[in-house]
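Here chain A shows up in two complexes: once beside chain B, once beside chain C.
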Partner chain A sequence: MSARTAQGRVVEVVALYAGCGLAALVISGLIVEAVGADWSTVGGALLDGSVRKPGRWGGTIGVTVPLAMVAIGTIISTKVGLVNIGQEGQLLVGAAFATFASTRIPGPGPIVLVAILLAGIVGGAIWSGLAGGLRYWRKVPEVLTTLLLVSVASNLVGYGLKKPWLLLDSEAKRGNRNLVSEQLPADTRMPRITLFGNDFAISAFLAIAVVLLIGWMLNRTLWGYRLTVVGHNRRVARRFGISESVQGMVAMLASGGFAGLAGALMLTGGDFANYRMVSGFSVSIGWVGLLVALVANNRALAVIPMAFVFASLRTGSGFLASTGIERRVTDVVQGLIVLALLLPPAIMFIRERRRALAAAGSRV
Partner chain B sequence: MGGFLSAVWDVGTTDTAYTAAARFAVVLAFAATGEWVAERAGTLNISVEAMILAGAFAAAMGYHTTGSVAVGLLAGTVAGAAVASVQAEMSHRLTADQFVVGLTLNILILGVVGFLGSEWEPSTRTASVVEVPLLVDIPLVGPALFGQPWPFYLIYLVVPVFAWLVHRTRWGLEVRSVGENPQAADVSGIDVNLRRRQAIYLGGLSAGLGGGYLLLGQVGRFDPGIVAGRGFIALVAVIFGGWTLRGAIFGCLLFGSVLSFRLTLPGLGYELNNEMLSSLPALVTIVAMALFAHAVRQPEALARPFIRGLK
Partner chain C sequence: MTKAENGLESGGPAASGPPPAVCTRLLSKSFGAVAACDAVDIDIHRGEIHGILGENGAGKSTLMKMLIGLVVPDSGSILVDGEPARITDPVAAAALGIGMVHQHFSLVEALTVWENVALGDTGRLSRPGVRTAVGELSERYGLRIDPDALVADLPVGLRQRVEILKCLRREPDILIFDEPTSVLTPEESDDLFRSLRGVVEREGRSVALVSHKLTEMLDVTDRVTIMRNGLVVDQFVTAEANAGSLARAMVGRDVRLRGAEQMTPVDTGVRAVVDGGGSPPVLEFRKVEVGESGALLELDDLNFNLMAGEILGLAGVEGNGQRVIADLLSGLRNRYGGEILVNGSVVDVGQPGKALAAGIAVIPEDRHDSGVVLEMTVAENLMLSDPAGMSSHGVIDGSGLAEMADGLIERFSIMCTGPDAPMWTLSGGNQQRVVLAREMTAEPEVLVAAQPTRGLDVGAIEYMTDQLRQAAESGVGILLISSELDEILELADRVLVIYRGQVTGEMTRSEATREKIGRLMGGDIL
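Then we have the complex of A and B:
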């Protein structure tokens, strides 16, 4: 491809992304206007609640961390050509394992904290490993099993929260509204720091390190290359002596492990449910994290900004009450943004194909 | 074990248990019938949940504005098809990944109806019960199958029509062929992606109607959580049924009965593990797939996008 057409392609991609993103925002604005609110005040409130008002960055970072963890795990499984859409369940099971570990493991705080995070990883990996095992042992499509295991996970956690020997806090008052686990003691919580008036857990640095490390491993190491080969062409992988099932299982376990880690970080981080496991603990972080990975188009470096944008929508929605509009409007905006960002790669693919066919047409 | 058997006996001899099971099953059946067509054409359509939800919301708005159940059902059907249009055009015209599109739609539609529902607050009620004379007097299953709100009876129309379309028409043959071997279908002059889009549209119509029934025939009041995973269970029923319509309907009846136990068993004085029952459809399907994945032949090109020249 000559330099000129390469430049033209960049312009085209940028224009497509800008156009589609703008269209999503315009449609969101129209929906807001349709219910009789003003789009500029709503947008202003969202910005205030997520970043503009002093001290709001901290909460947004707290939501960004689990989103980024789920997304980076998703990228690993996508790399090897598997479709894991059960992060919500893997996250829940990870959080449940973490909670269980927190109440059972004695010892000094920092060691217990590490054990909690490891338990979360194990829990998530078990849940995705079930789907991966069925995929390679019995050829059951992993799309379906991961999806189905989400509802099983949420029922399992709901059951655990009723039983004192599993998750339920034995001190909690009886009644339907008290299905909660014991609160983490202060010394096993993730330490928090304050930067420029924004208070957040130090797991943010862990998350950035993990994203960079996985991004490097996927693109620059033999392991990442093996995953890429299997993802692109199984037959080539077999000729190279790369085992599809081994690489697939590793990717699947890693994918679920990161979702489980996200659950453990939510538990220890303090931005969700006040250091307790509650019913509905996952609050769709698994689903949204999956969307973050899709919107980041499976590039590790894009995960952090995209996770931050989606986290901003969530934290910003807390400020919508003053505008008299339902906070659920952010779910609409979020869905529209994802849908809009799916379009450019698809359109580019079709256009390039059409061009290639036109160019080849005179020669074939 | 004895307690379990006596519970089964009690449920099996109580006609309200059949009525509750039929109500659960019929929503699943509307959705599963549509999903079945889409899957036979080669799309694993996970946005069926969104289609039901959109159908339920549109039915609520339709009834709220006109006061007519028929208009509500029509609106629900149209809304189901509208969701289907996004799924179909994006995955089989623009070649975006079908799971990604489906997942996004599920989240988007949940957000849209949750938002609009709380802004507009449609008020609705359930449709009137119409008893079919004579048939309703059949012991046990009579009231369940022939003593329901009238939109229920549409299922007796939808299932045969869909079966006829897919198995007895040229269009249906083409739909099945693009699900089995799109390359061969393409060579013989069938527009593969067009047939797949049409199958998804049909699925959306049926799932939207199911959503309309769920609201106007059963629940009577709109709530964003109204669907509660029924779409996924319908999808599972199609797989459980081995991609035959008969099997899918059987799966709907089975899962519908299991889910209805939540309502009927406590009424008969039995304690039960609610979580276990709720996860039973998923568990049964996973086990069934693990055991019979080799025995049951799925549509060969299921979930594989078709792009001419690429295999």
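Then we have the complex of A and C:
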């Protein structure tokens, strides 16, 4: 009896996910039709742009990398019970630090590259550390501070891009060009390789290794254990000498550090803004990375496939221009996908409650 | 209907006469694979106090929650006055005349008594109307209370009265009480039961009394239904039962009872005089103060000693500072005045982990609050006191952990599916064993046991009691914080009584009597 119900439940869950996915597709299709395009062309363009056309995997992987970094950082802060939603700003500050380091640090390329990445981590960690510090010394909710620091970050970076002593490329100032930073010299860029006709930066391997490592550390080390205890029961943590503020602060710094690393990888990877810092550099990777962590349900292993799905939407949307429709349609599609992944658990919960009530009613 | 009449057909559904006020037929409810209630038949008649006795996890709470509409049954039926009833929420239950006084009060402290009673009313609020109603009710049931008093100012016993008045105002035919005496002094308990007897006999209402205290069942109820593992295992007419028969039915085997015959255990007084030959007490409180200056202090100039191998009972009505003491010794309070010494040296228990490192183990009053992490596994909970010992270079030694956990699960007979079972899947008694196992393996100097048998069944109480005695015999100083006098009298070598954050009395076990402690608990000075 119970085996049958368990099986029924699995079927139900699968059907729900399929149904929600289908609904998301149908609604996306309707919206596409409504803006005057043909859904099959649009769908085709999305697939072409992300994975189907030769070489497109490379670009999609390039977007997957920073998304995965932001998401794994988010998982760390969530584990300790903090809500960090300012990855967009942390990423931007990380990228700015990375840019600054790239123009100031002399030395052989590979060493500078490492320094750039470290600078990115430091920048992101400083930005999230501000929020963490306010949380533990002044009890300011980190939800507010991380969010508000995003606009502070984007204004600061905007300012930096106007000043040659900060980020602005002095060449660019003389000419009548946009506010951009100096381009990274070729030897400090992330090396790229080509596999099966897809060209991408080797940071992809770094990203996979980092995600696996953090996933393992969260589950198998004392560090992850302590984070989990604090995240679930602060009083138990305190009793056993686990300092909530130390663990929280470390998690917050790590979370921002990974967002900053994402920014540095975007700068050195070449898939964004051609090895330069430009205004609006973060292009919402921080926000989308947050969504990746959300739909991955804070499981490290789910981060990579989920980041790839969201990256595909973004690279696919680049091919929409040829169909003549607004590429922001993909933002709608992205939102619908998030809903399709988050709704089934909620629906299951409500259905089980209703079923219990109905059962109570039918017995009388 | 008299007590004798409805007592005659104990165990079976009423064959004749008026239908029971409420009865259940084959009522079942499962949570996952666990049947909390399995085909439960119970009859609660008009004019009786019906006791529901059972081990922790026996299903008595679930049964009551189904009657009040907080839990929806999987199958079976509930009949109110012989009519099938559909109870989907507490509002529906109230409409059918079923009301419940919960173990944890739901009162708004900032409001007065009458305002609390009026909560949940609809339509226009009539202050004189409600006040008069409160006055009448308290007159009728002998539950004297000032309708204009602020709930925040009331002691726990009076708060419970407010809770009861709230319930009685809806004129329920069936009143359910969940462990009502856990927060009361013995006198207050007697008052409560006198009122309940009045409600039942004069007005023909029914009372369902959920309790794990055998003496209460014997003294107060007309009939008792005993549950075990979700099943009704027996029913007694109380007059024909005794403590032994009730306990046997409840646990399913013979148990050693804490009761009158054990009131003077042979071993007390033997251990009590472990003076240590001049060595310092394992735990000492010197002028400890907690609380805002100016406001009422939670602990007020508190002094006491605990010797090695001694069981020191701290008696008192709940809310007089016991919890603060346990919190302090768990390292959960930042600020306090005075000094706390372990083995003669001062320990700053305000620093997280310091108390633990000094050798203070704690079985907390509310294990979910500061004892276990429900979302983590049994093994992970067991390693909390010494995570470094279960790891090398920061990496958790998975197989070593499983081995350690398996050993403790075996030694402390923890019922669970294994070291990887999430803590929330364990019953309360087994969660308590996990806490005990962890705290004892830390080889403490001091063991603080706060309400260690609360909510446990007779069998588990016996186990816990034995463990505490053994720990004391091995030289651990035990601070037993309990609001149950029986527990204190059975275990303690020395008794302290705490009232409003101060020690109001101290006596050896041989000097202690229920009456003496009871008076001190109520604030009398000897």
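Descriptive notes on the structure:
Here, the second predicted complex is superposed on the first by the 329 of 364 C-alpha atoms of A that agree within 3 Å, B and C clash if a C-alpha of one lies under 4 Å from a C-alpha of the other, contacts with A are read in each partner's own complex, and residues count from 1 in each chain.
Convention: a contact is a pair of C-beta atoms (placed from the backbone, for glycine too) under 8 Å apart; a residue touches a chain by one contact, two chains touch by 3 or more.
Since the structure is predicted, the reported quantities are computational estimates derived from the model, not experimental observations.
Looking at the shared chain after the overlay, A:Leu222 reaches chain C, while chain B stays out of its contact range.
Contacts of A:Ile347 after superposition: chain B is touched, whereas chain C is not reached. Taking chain A as the reference, the larger set of touched residues comes from B, when chain B and chain C are compared.
In the superposition on chain A, A:Val332 makes contact with chain B only, not with chain C.
In the superposition on chain A, contact of A:Val14 is made with neither chain B nor chain C. Within the superposed three-chain model, A:Ile85 lies in touch with chain B and out of touch with chain C [touch as defined at top].
By the touch criterion defined above, A:Leu149 lies against chain B but remains apart from chain C after alignment on the C-alpha atoms of chain A.
Contact with neither chain B nor chain C is seen for A:Leu30 once the two complexes are overlaid on the shared chain.
Of the two partner chains, neither chain B nor chain C is touched by A:Val114.
In the complex of the two chains, the chain C residues touching chain A come out as 33, 72-77, 84-88, 330-332, 352-357, 362, 369-376, 380, 384-385, 387-388, 391, 394-396, 398. If you check the complex, the residues on chain A that touch chain B are 31, 35, 83, 85, 134, 138-141, 143-145, 147-149, 151-152, 155-156, 158-159, 284, 287-288, 290-291, 294, 325-326, 328-332, 334-336, 338-339, 342-343, 345-347, 349-350, 353.
Remark: chain B residues 44, 46, 86, 90, 94-96, 99-101, 103-105, 107-112, 114-116, 118-120, 229, 232, 236, 239, 273, 275-276, 278-279, 282-283, 285-286, 289-291, 293-294, 303, 307 touch chain A in the complex.
Contacts from chain A toward chain C in the complex involve residues 2, 220-223, 225-226, 228-229, 232-233, 235-243, 356-357, 359-361, 363-364.
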